[in-house]
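Everything on this sheet refers to the single structure shown next.
Chain naming follows the written order as A, B and C, and within any one chain the residues start at number 1.
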Amino acid sequence: MNRLARMATARRNPGRWHWTDIAAYAYLGLGVVLMFGPVLWLGLSSFKTQAGLLEFPPSLLPMSQKEVRVEGHAQPLPLFEVTMEDGSKRVLAQVRRIGIQAQMIDPANPGQSIRVPIDKRTPVREFKLATENYTEPLERFAFTRFLWNSVFVTAVATLITLVINSMAAYALSIYEFRGKTAVMLMVIGTLMIPITIILVPVYLVITKLGLVNSLWAVILPGAATPTGVFLLRQYMLTLPRDLIEAARMDKASEWQIYWRIVMPLAMPALAVLAIFSIMWRWNEFLWPLAVLTKTEAYTLQIGLNAFQGELQTQWHYLLAMTVVTLLPVALVFVFLQRFITTGIANTGMK
Amino acid sequence: MAGLSLSGVRKAYGATTVLHGIDLDVTDGEFVVFVGPSGCGKSTLLRSIAGLETITGGSIAIDGADVTGLPASERGLAMVFQSYALYPHMSVYANMAFALENMGFKRDEIDRRVKRAAGMLRLTDYLERKPKALSGGQRQRVAIGRAIVRDPKIFLFDEPLSNLDAELRVATRKELAALHAEIGGTMIYVTHDQVEAMTLAHRIVVLHGGKIEQVGTPLELYNRPDNLFVAGFIGSPRMNLLPGKVIRPGTVAIGAAGHEVGCQTGSLAAGAAVTLGIRPEHLALAAQDGGVPLAIELVERLGGESYLYGASPGLPQVTLRLDGQSEHQRGASVALAFPQQHLHLFDDAGKAVRV
Amino acid sequence: MASDAPIPAAQPDRARAASLFAAPLAMLMRLIDWPMQALQRLIGERRMAYVFLLPNLVFFSLFVFLPLIINFIFSVTGGAGLFPSERPYVGAQQYAYLFDCGSFLDPSSCREDHFWRGVSNTARFTVFQVTAMVLFSLLTAVVLNMKIRARGFFRAVYFFPVLLSPVVVALTWKWILQRDGLLNAAITSLGGERILFLVDPSWAMFWIVFVSIWAHMGFYTLILLAGLQAIPADLYEAAEMDATPRWRTFWRITLPLLWPNMIVVIVLALIRGVQTFDEVFVLTGGGPGTATLMVVHYIYETAFANQVQNFGLAAAASVVLGVVLFALTLAQLAASRRKGAA
């Protein structure tokens, strides 16, 4: 106990507590609640039954009313704890409710019917995870399809991005050639042009290519990322020129130098770009929203958005599918947190 | 194995010219060292030979065939880089095999060659290691091994020892000399270290400001420097270069007191400004009243030899080497004698005055 | 030879497990190498750069440069056709329509009032959001840079929403903010009245600002934190030796040295703020009414979601947005150049 207290109060720099230290920990504590809280709440809610979600005020954990099967009744009956007139408490099953009275029976003695005012009874509840929130939409609705679409888009787009960006970065970092400055300017120029301002004409190009409602419509436009070219080029510039020249002396072709020398050495930068590309593609919204109009081509994000429009009330499915959408990113984060944060700190990209 | 011939090789980056027309012939099997201070163009020259730099003018021929327009990969040369340039993601074996794979050799031939080179360079036990798990000396040997396996027309070395510590440098230098004796081959070696140049080279090429100052065997350069630059560059500590004036044929006056030194002055007229050169080991002590007086400012005793540094009015600092452990003390004064057979005389353009 | 002493052998290659995947890949690359070598012999090694650039440039041209030109063409043509050949030239008519306003301060006086609502909402949103974003990310970065325990954990706490998709973020908060949501439960349990957060216009604006800060603050915090950590510790030690009060250290040492990063954060937040769409679209759908309708949302609706798709007007609005972004990006380049010089 003592050790625990010491650990809790210890600071890296032993010394007296300054008020700013207390304020700092208070702020961080608040941060934990505010940042983690909503997602935690989403997770808990996603396991509540439809009825559980309608409760107000909501319960913290996914609880649902206990039910019993009683002979002579086709449906399971909900269990209540009832305060009897004499002040004693009994657990009874409710058969039906008539106005402010409820007709109840004792499950152990189903023959006898008891009338109870409804304000004298409270539901008996148990902890129960409504896993059907997850299984049903994946079976009954197209969410499996959406999931697959998202996975396909993310994987293929990331692969293409890595290959063509690294080739361009290789050209821009290793060679001196006529027009290099012009190409660099073009890349910088591209950096300034987000999809938001060329939405319509890109749609036209995709239409011309006959790709509307195809997943390739989502994959192709964003495959050549200027950010990726920059990141990789910056990294490749740090590779010793001697290695390239040594490879030339070793009679390697330029393609071999790219593939067997530069790519393996640029692995750290490629990994960073891969992670970013995965996040971009998994989370992408506006462009797929514009170009995908058929349900079977929806990605998870678009499907989720459409689902909330159509089924405003079916929060139990919506929350569960939100968690499914969030899960891969959460896993990436848990395993690669340090990697991502240093990547962002070093490149300032997102 | 092959000879190399450079004629009028020029290299310019925009307005700055780094090589001003280099002419040089290297014969088959020769060990040639390019030496010079940093920025003299020696590395650029080597890289031009390698094909890593395109030259602005002139031509390069290997074995009589013009290779000026060929890229590095098609010249058939091997190079050992200053940084070794070992592929960090490949094992020692893969590093050495890489070029052979590119050349399309059969697997067993590659294996044979790599094993042989590894045996020669004492790398057999390290073939599976990555470069970063090797010591500096081992990496150096891998870099050399990578060149050897290819059996190239010419070996190029770009300051290969400069990343080693002093002790290892001496050891590796000796190994290199032994290696050349063993495998022969034309080698071109760039260094700024004149000791490497003196010990390794058949011929030394002294470069300065993008021009060749002198080409010759190490002792030729030491004994008969063509000009002030070579005189000052070759030899350590460097030659004393003392400004003076010819007062009459056969006599040069130096210092504020105009001390007269007997010297072959060739065709120089009286009154010509000259530089008198003499190596520290050739200066001698004279009887107190007979020589140039020198006030000793510093004495370094290295055990086997001693160096005296001193000042004399009107002269730059003079260095004098004495055998054994000198008894002289700082502040004392000695007189210097200039043995005529060891004197070098340079005219005011810096050219050696030959008789 | 002290430095020549053997170093323990490297661990056996981990690559063996990956060789299943690597072998066909190597095969493929050798197949590509064959035509590539032929090409290299033909055009020379230096010009191979163009070959390597080609795929990326094809993508850039097809999906950035070409669209940029088409966008302009769209904005000066009318009609409902998608292909430029089907669209009659109308000159600056789309722009004139867009800018036909009684007073630019009052969106309802404009012909295209939704556009101007979008402009005004986006402007307000951006101002609030950037101000609050800079303040909170600075505060968080400073706190995270203090000598605290479990710094990695806390940094992760503030950072993780950055990775969440806008749809997930919006749905998470929508769930909390809805009529019977967690927040209203808390309010009623404290004796308050339920508030319809996403139905009341000013609350809706507050919450989209709040949610976007919640989602993106971690990113800006990281940039500032990197800046803070780049400040040499000995400056602080020197300040401590001089008995400088903490606030003064912050004001006179931290803030000036952090300024380049601050500028980057401000401009980046501006650029992103002006383009805000995703979270707002899912959270409020631009409502109530048009209270949270953003410019990008307007463009999307005009081009794709409305009954009559008006590509010309959407393109004209895109060009206007593009000009604003261009100005902001120039500001960013200028700022980052100053950062490089510092």
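Side notes on the structure shown:
Quick note on the criterion: a residue touches a chain if its C-beta (ideal position, glycine included) is under 8 Å from a C-beta of that chain, and two chains touch if they have at least 3 such contacts.
Every value quoted in this text rests on a predicted model; they were computed, and no experiment measured them.
Remark: the per-chain Cα centre closest to the mean position of all protein Cα atoms belongs to C.
The most distant chain from chain C, with centres taken as the mean of CA atoms, is B.
For the pairs A-B and A-C, the larger set of C-beta contacts lies at A-C. Work out the mean CA point of chain B and of chain C, and you get 58 Å between them. Rounded to whole angstrom, the centroid-to-centroid distance between chain A and chain B, based on C-alpha atoms, equals 65 Å. Inter-chain spacing, taken between the CA centroids of chain A and chain C, is 18 Å.
Looking at chain C, residues 45 sit in touch with two or more other chains.
Within chain A, residues 248, 253, 256 each touch two or more of the remaining chains.
The residues of chain B that reach two or more other chains are 71, 73, listed in rising order. Interface residues of chain A facing chain C in the complex, by the touch rule stated above, are 10-13, 18, 20-21, 24-25, 27-28, 31-32, 34-36, 38-39, 41-42, 45, 54, 56-58, 163-165, 167-168, 170-172, 174-177, 180, 183, 186-187, 190-194, 196-205, 207-208, 220-224, 226, 229, 248, 253-256, 258-259, 279, 282-283, 285-286, 289-290, 301, 304-305, 308, 315, 318-319, 322, 325-326, 329-330, 332-333, 337-338, 340-341, 344-346, 348, 350. Residues of chain B that touch chain A in their complex: 47, 50-52, 71-74, 77-79, 81-85, 87-89, 98-99, 102-103, 146, 150. By the touch criterion given at the top, residues 1-10, 44-45 of chain C touch chain B in their complex. Chain contact summary for the complex, chain B toward chain C: residues 71, 73, 126, 128-130, 132-138, 164-165, 167-168, 171. Contact residues of chain A toward chain B in the complex are 240, 242-243, 245-253, 256, 260-261, 264-265.
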